[in-house]
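Presented sequentially are two complexes of chain A, the first with chain B as partner and the second with chain C.
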Partner chain A sequence: MELNEFVEKFAEQFEDTDSSEITATTNYRELEEWSSLVGMMVIAFVKMDMGKTVTGDDLKACKSVEQLYNLIMAK
Partner chain B sequence: MINKAYIKGISYYLPERVLTNEELIKEFPEWSVEKVADKVGVYSRHIAAENETAGDMAEKAAMALFAEYSIKSSDIDFVLFCTQSPDYFLPPTACVLQNRLNIPTSAGAFDYNLGCSGCIYGMAIAKGLVSAGIAKNVLLLTAETYNKYLHPDDKSNRSIFGDGAAACLISTDGFAEIGEFVLGTDGSGAEYLIVKTGASRHKAFSGGQDIDSEGHTHRDDYLYMNGSAIFNFTLDAVPAMMKQLLIKNQLEKNNIDYYVFHQANKFMLTTIRKVCGISKDKFYIDLENVGNTVSSTVLIGLKECVDKGIIQSGMRIMICGFGVGLSWGGTVLSI
Partner chain C sequence: MGGYNPFSLEGKTILVTGASSGIGRATATACSKMGATVVATGRNPQKLEATLITLEGDSNQIIAADLTIDEDVKNLVYQIPKLDGIVHCAGIGHRMPAKLLTMTEVEKVMNSNFISAVSLQTQLINAKKVNKASSVVFVASAAPHMPALGNAAYTASKAAIIGYAKCLALELAPRNIRVNCICPAMVWTDLIMQEGVGKEELEQAQLKYPLKRYGQPDDVANLAIYLLSDASQWMTNSCIDITGGTNEL
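Our next item is the complex of A and B:
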């Protein structure tokens, strides 16, 4: 999966946050809607669409969507 | 001679008190309960009364089973009780229940400590007892009062978990033959779902707490669940278990007519369903008014499916449980 598609799918996990607010450099943990539930949805989409596992610690460690993408791709 | 083992009857009991999402909103006005309810799939749940224990609820579930299926307590020759909230450290609640239910003193009885996989393990033990001719009528009871372990401020878990009990008779005849089992354990994940203090390792309540990777407060003296770790475990364990179950039962995926998995929460179940490639119409999800009752969800689900005619004669049903331990198990029922 390319970064652009990842960012798009990542943004789809949010309900109230407009997708235009989420780019590769967004620090998603600072978004108002970010919660453990949205985190679970990210874990689910990464599992289903990329066949990889993201942990709660991974989500906490990354400071941007791109950083998370890179971490997943390195797995 | 190896006897076949069957489920002969299932009943359940839910405590009187119902906690609705509207009530939770009053306690947590800042919380988007509707959004959470939409994902988690729970709109109300039952809560055991302050003086009501898992043993009390199991007794009521057993009484309901006896009444509904005209079962005589004198016919029961084994009691298995699955709980993580026993009435006492000792004696086993199963022994107390033998007396309260007027089950003969010639019956065997013991408790075992499992959570969301507990119903499956109970069926495995009961099948073993029946198959070996050790017992003919095993009363399997599951009951949990997780809400007594939850901190009042723990809104996530309070929205998910409901208290409840189920009773199931496993016998030499019945309506559902119990097939081959797949069981598994990974104790390296023990701390992902835990009540740390109060038992022998840390007897005194510590008051200790910290913030986990998801921003949730981890309190030593209350139930703690690392949601993402449990979720990841489930997404790995369940699809693998499903494949093993098909092999062990010598079945193809299209031989399974319906799936009743542990009702953890709606979002988790939907994700598991998609990862396992199971169609919506074959997959049971219903926690709206019950919540996650831990070891009772599979039995409650089976009962509902039988009563509503979703499960019918001639069908093969895959059932799975997974959670605290970490522990998992599954089998196939032939109706």
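Our next item is the complex of A and C:
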């Protein structure tokens, strides 16, 4: 999966945050809607669409969406 | 006082499902140490062999069966001797936000955690394999009264088995057969090592429990021994929490 597509899918996990607010450099954990439930949705989409396992600790360790993408791709 | 042991399972034959790992294996082992003859069942023959090695005594047996497959249940029921105790440990974990649940997954969780146990129990009764004054134990979960994110399907399956057990207790009481549920909070087994939850996270999370740790399979096995033994002969229709003191998973 390319970064652009990842960012798009990542943004889809949010209900109320407009996708235009989320780019590769967004610090997602500072978004108002970010929560452990959204985190769980991200974990699920990474598993289903990318076949990779990302943990809650991984989500905490990354700041930007791109960082998370790179971490996942390195797995 | 010598020899006084109300928790002894001497002379009892006990079926343990899900005995190839986790709480099931610990329960099978503990039962054999308390003197029971154990029939251990699970899906994986190799893992069952490993369980058999941990059992004390010579008369224990293992029977591989996938309880979600009707033919396997029939074979199992046909092969096993008459029972004085059954511990339903077989089950799977599941974690997925409600928004993303697929019905295929929900069916899988319900089949593994609820329908297969009901099917086995029904067939055991009909085949007259359950002796008078037996004890039936369902390893349910504290989840139904401790809702957690992503736990909807799992929690529903455990609530279902608790509801079933409570009615079964009434129906089997005339034959002095007791039915109880064990409701553990988080226990260190493969079941809690779900996708997206790292061991380090769980190790940190367990510190929130008043006793500062998640349970071990033996903690649950020891409660099962009590429920299987004559020490609990006035106990039926109960759901016992075993949680390390926590009020949330």
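In this text, the second predicted complex is superposed on the first by the 75 of 75 C-alpha atoms of A that agree within 3 Å, B and C clash if a C-alpha of one lies under 4 Å from a C-alpha of the other, contacts with A are read in each partner's own complex, and residues count from 1 in each chain.
Throughout what follows, contacts are C-beta pairs under 8 Å (C-beta built on N, C-alpha and C of every residue); 3 or more make two chains touch, one makes a residue touch a chain.
The structure presented is a predicted model; accordingly, all values stated were derived computationally and were not measured.
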Contacts of A:Lys63 with chain B and chain C, given as first, second, both or neither: neither
Chain A residues touched - chain C or chain B, whichever exceeds: B
Chain B versus chain C as contact partner of A:Lys75, first or second or both or neither: neither
First, second, both or neither for A:Thr55, with chain B first and chain C second: both
Where chain A meets both chain C and chain B, residue numbers: 36-37, 40-41, 43-44, 47, 53-57
In the complex, chain C residues that touch chain A: 95-97, 99-100, 149-150, 195-198, 200-201
Of all residues in chain B, those that touch chain A in their complex: 35-36, 39, 156, 212-216, 226-229, 231-232, 235-236, 267-268, 271, 274-275
Complex contacts: residues of chain A adjacent to chain C: 36-37, 40-41, 43-44, 47, 53-58
Contacting residues of chain A [partner chain B, same complex]: 15, 36-37, 39-41, 43-44, 47-48, 53-57, 59-60
